[in-house]
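The same subunit A turns up in both complexes below, where it pairs with subunit B and then with subunit C.
Take a look at the complex of A and B:
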């Protein structure tokens, strides 16, 4: 049984830092603040010429938001799910339908709601769809649940193809409505506001929007993990019978985890729609924006990052989603993989090799993922950190044998 | 009525192939409690070698090489990787096989390139006509081959020493080891057999008749359909895998005809969901008990 069930590890609610550890805490806060400043200044750092890098960074944030949702479900609540792309699709289509201009086309349904309302609506919609799947999810465990959730991806593929008044159909798709906040459009404008001489156009604006979404997701998830909700997830994950006897309503906790994870995936879906500027269902189940490949990519994010670790999911997203775009960028800008028409090492192939190998290596040598490595590094530097558990309060899966 | 009969043969033929794949999952799961997500890539390895070698060795020779290669790849995955992941539990090992699957699939798809070949030369696209009835030759042969292999397997599983050792290990690993059953050898043969079955299955999968999808991501995605087959029957039941495979094959064939082709794959998964909601461990699977 993991340490999560034993009393000494229980006070997950911010324990008062021991005096000797205070310095390290400040160090951590300073590092986090520095990181946030760098992220805020990123559009200025890359300048107007480096929009491609900004797109790459935006893509990482999509992976981070989705990955955080999945790590809560798989790592914290112990429910294997491959259904993430389906919820991405629901989120993207939901946003397009809710915010879509009713006059845009006679064939498309658009409700013309304010974009902010549409984003919230899309997230709620995903949560509700997740809730609808909860009766199935609640009855199944482990691999059975994983394969059952796979059925949602196939269902999504079929629904996306057949309900083209919502999805726009596989051939052309539909436009992603421009996001707008209190009259400020996240689109190009003339004249554009500038920061340090860099014009803040559509991509720069989207970057700040995505950053806000990602930070919100990060802190919400950390909050959930460190609170009563997170403790009940881990209790259910470690032993359902024991959790029941401790007064945890297992069915409700499992359903809740699925709903919350789906909501995160829904937000990632909205971000995908804004990032691509397009909502378009896939033509087949194995390649595309909402396909099995994406399901595996998200799983790679949470495995590489360390199951259950929220910061780990962000690092995992940087590796999996970042590398893919990085190689694509390299092939476009510097002519890497020039022989990669068919049968060559294209950007997609190389990034798949890298994250496939990363999954294998992580499970062979460090099943706790990057989170475990980070935890070991920080605890080595300060012996007062309460062993493996103290430094980072996202409780790892240490119940492996 | 004729259409229905054709669909029946077609569906059962596909079902036999799915049953071969599902049996592979089940054998590996019984021996090691690991779910092998890399099964689809074993299929691709076998198919790729057939495609590469069939001009040099003739189709039959290439087919034998493909089957052996798929079996040996399965063994290699077990010996080189899974065996050495001592610190990981069964679920993590299942995730590890996803990593292997990603790498092998990308590599094979890259090598095959734009060709996306079909490899069922001796029987592909040569329908059999019996009166008004037109039957895909691929599916008919698959049904026969599948029936023979599955019967042979089930008999061996029941009566041979190997089968007894396998079942003993599935029942209780430690007790079996104490009775002198070599766990590592049983595990190795389980992977070998599963790989070989995958190698046989691909000979029918990458054909015009079966799906119209040549060797490539399409074949890999078809191999995924064997998952619902294994799950539907119950992951630890060999008979369940066979029944599951046939149910999946029939569901796919019938829904493709009577509802729509696009819906057929979703239909397979929906049937599986319905079964799982009623019986969470599949039709023939052992119920999980939790002792308090």
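Take a look at the complex of A and C:
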């Protein structure tokens, strides 16, 4: 594991200038624009009858936001963390407490803040909790840090069960407050506005909200990776002594990476609460919304996507978070795996195999993940980029666009 | 970097273009409320046509409860076959649409919107985490659902159609039975091992109530559903001198507690809720220690001599050979029977819409399932529809592993208990 976590130093060849070819840039811009248009029109494309697919797409975005946060930490800053579900839980509970209606129940703490303030508050809270863990993160590395961060998942399980005035308890949990922006509620309404004949109800509104969150996260992460912060992360990851001699404050950079990653996880937690309409701590540590399974799923997202690659994390989230539910929806709609009545190859089993196989294949044949495959495909069109790319393909090269 | 900025700018332009298009296509709509009149002058809305009534199952055939889930699904289907063979309800055939969520709330949340537009209601909704996650949807869609989860904490939602009695009442009646048999006396100490969560919390409410009535001291032990070794807890309970151990646990934990009970020489009677026992335990090394377990459940055990239960289980064995034998079959069949009563009442009232069936449920005061469960009364919202249980003891020679030791009964303590959302 540690081999892939701390890849060797950057290749000798300097990265090529960003203007690798005007034609390629235009192609990329056109593709990005087309993708965004498709995403914006998704509620229209699936229609009111395809809300299940919209729900699936929202779920992928939750994975993408969380995955982006983790890929920064694991891939860019070189710190293995399995604590992501804990920060998801803190974000979800933080949102419910900050935005919760104080009148709702005598047993629950709710501060009744505007939901937007609550979202920001929950993110900041997660960042602060991440900062509190930073002394540990600063002293440990590799698999040791992974194991230490794992303890946070157990801490979250225990806190969620015992602090039920915040979390609502494991029995019933508590309602996730409806998101609201300047008086516009992200809930069903009558009459509802329509776009091209498709009613924009709760799920469609949530989709646009999640899309905004995800795009914001994406561009913030790309910005961080391409700027001085990202360079200092990679310097610390590759060689702490060298980074120190370059004037990088290693302790502060490590702590900063943990804070930022936790904040991303906090946003994913808020999104989880809105997606489930529920904040409910898990009943055990292995299965559930904030469990070890989720920690592994996020790690799979960043490994399949390619360590350190922001677009890779999005693709990884699509595979890990999307595949199982897509199979399930398909099996329902088109009768796939219909003969799997009592056990056998059901949609759940098949998707587990696919995602397990994806990890094994990536680690065996393409340690740089899907990001490396993507880079190889795009560089085929520009010869100078290929020569620069011939060296070490496991190094995430996000300093280049 | 430059490219990223350019991409960002053109994305912005694209976004602006799109939003203009969108604005041009914008309008406003209001869904038409209320149903339409269908065949026979009956009002219908979702999941009901002139020839069919479609009900949904959100079950588990791939997750931790796949054995129970398969039994439940089969029971539901057997009921639908019976009804259809007898000419259907309201001149309509029953169709069942099955969804497998693998006991995962997130999967259920995605699958629900696909199922919801096709069905009138849920003949089976398995799993308390799933139920908790779907509760806002059920309320919003005005959906009636029979949960395969028996906590009295969910009865605040009028769309929940509880089939049988709840975990708290199972324990109250079970303790009363043990006291009647002379296995427990006023002032004794009992141990209660429970899983933190809806299931365990509700079971604990039962023993707390009974303890209060009879001056018992409870030695409580909270576990998570993945704790597999309960030996330490049972050792502690031996030290505390417990006369009875109550379990609201998973089948695996039941086996561990019973094995420890025997190995430590404690050998006290053990009382468990319906889900604590799985016939598969009889093939584990703990099989020899299971004899002390009394299971308190509102549905008849698989081997029950009740004629209706015999009929259902015989048909199950014919239709699904080599399938697991468990009480899920009769429970699933009973869910169907209750739905049948609801649909017939709604048909008589001329309203098979979702709102119509919900209203029809509250008019039912005597749903008779021929003894599969006690007679059910849905007229007081928030209260469990029945308080009666069967007591069964583990017996390796009986089909399904349980032998009925007491027929349906309700203890005086069970009658006087007030459930959390009951309006007294």
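Note that in this section the second predicted complex is superposed on the first by the 344 of 401 C-alpha atoms of A that agree within 3 Å, B and C clash if a C-alpha of one lies under 4 Å from a C-alpha of the other, contacts with A are read in each partner's own complex, and residues count from 1 in each chain.
Note that a contact is a pair of C-beta atoms (placed from the backbone, for glycine too) under 8 Å apart; a residue touches a chain by one contact, two chains touch by 3 or more.
Note that the structure is a prediction, hence the values are computed from the model and not measured.
With subunit A as the common reference for superposition, the partners subunit B and subunit C occupy clashing space. Touch criterion met: A:135 reaches subunit B, while subunit C stays clear of it. Of the two partner chains, subunit B is the only one touched by A:300; subunit C is not.
With both structures placed on the common chain, the touch criterion links A:161 to subunit B and to subunit C.
Looking at the shared chain after the overlay, A:349 reaches both subunit B and subunit C. Using the contact criterion defined above for the overlaid structures, shared-chain residue A:284 touches subunit B and also reaches subunit C.
Touched residues of subunit A, counted separately for subunit B and subunit C, are more numerous for C. Within the superposed three-chain model, A:52 lies in touch with subunit C and out of touch with subunit B [touch as defined at top]. In the superposed model, A:360 makes contact with subunit B only, not with subunit C.
Touch criterion not met for A:104: it reaches neither subunit B nor subunit C. Overlap of the subunit B and subunit C interfaces on subunit A: residues 157, 161, 284-287, 342-343, 346, 348-349, 401. Subunit A contributes residues 80, 135-136, 139-144, 147-148, 150-151, 154-155, 157-158, 161-162, 240-241, 245, 284-287, 292, 296, 299-300, 303, 342-346, 348-349, 352-353, 355-360, 363-364, 367, 400-401 to its touches with subunit B in the complex. The touching residues of subunit A, when paired with subunit C in their complex, are 18-19, 25, 28-30, 32-33, 36-37, 40-41, 49, 51-52, 54-56, 59, 157, 161, 169-173, 175, 188, 190-197, 199, 203, 219, 222, 226, 275-278, 280, 283-289, 324-325, 328-329, 332-333, 341-343, 346-349, 401. Against subunit A, the residues of subunit B that register as touching in their complex are 35, 81, 84-85, 87-89, 91-96, 98-103, 106-107, 109-114, 217-218, 220-221, 224, 227-228, 231, 235, 260, 262-263, 265-266, 268-270, 272-273, 276-277, 280-282, 288, 290-292. By the touch criterion stated above, subunit C contacts subunit A in their complex at residues 1-4, 6-8, 10-11, 13-15, 18, 22, 25-31, 61-64, 66, 70, 99-107, 109-115, 117, 129, 132-133, 135-137, 140, 151, 153-154, 195-198, 201-202, 224-226, 320, 323-324.
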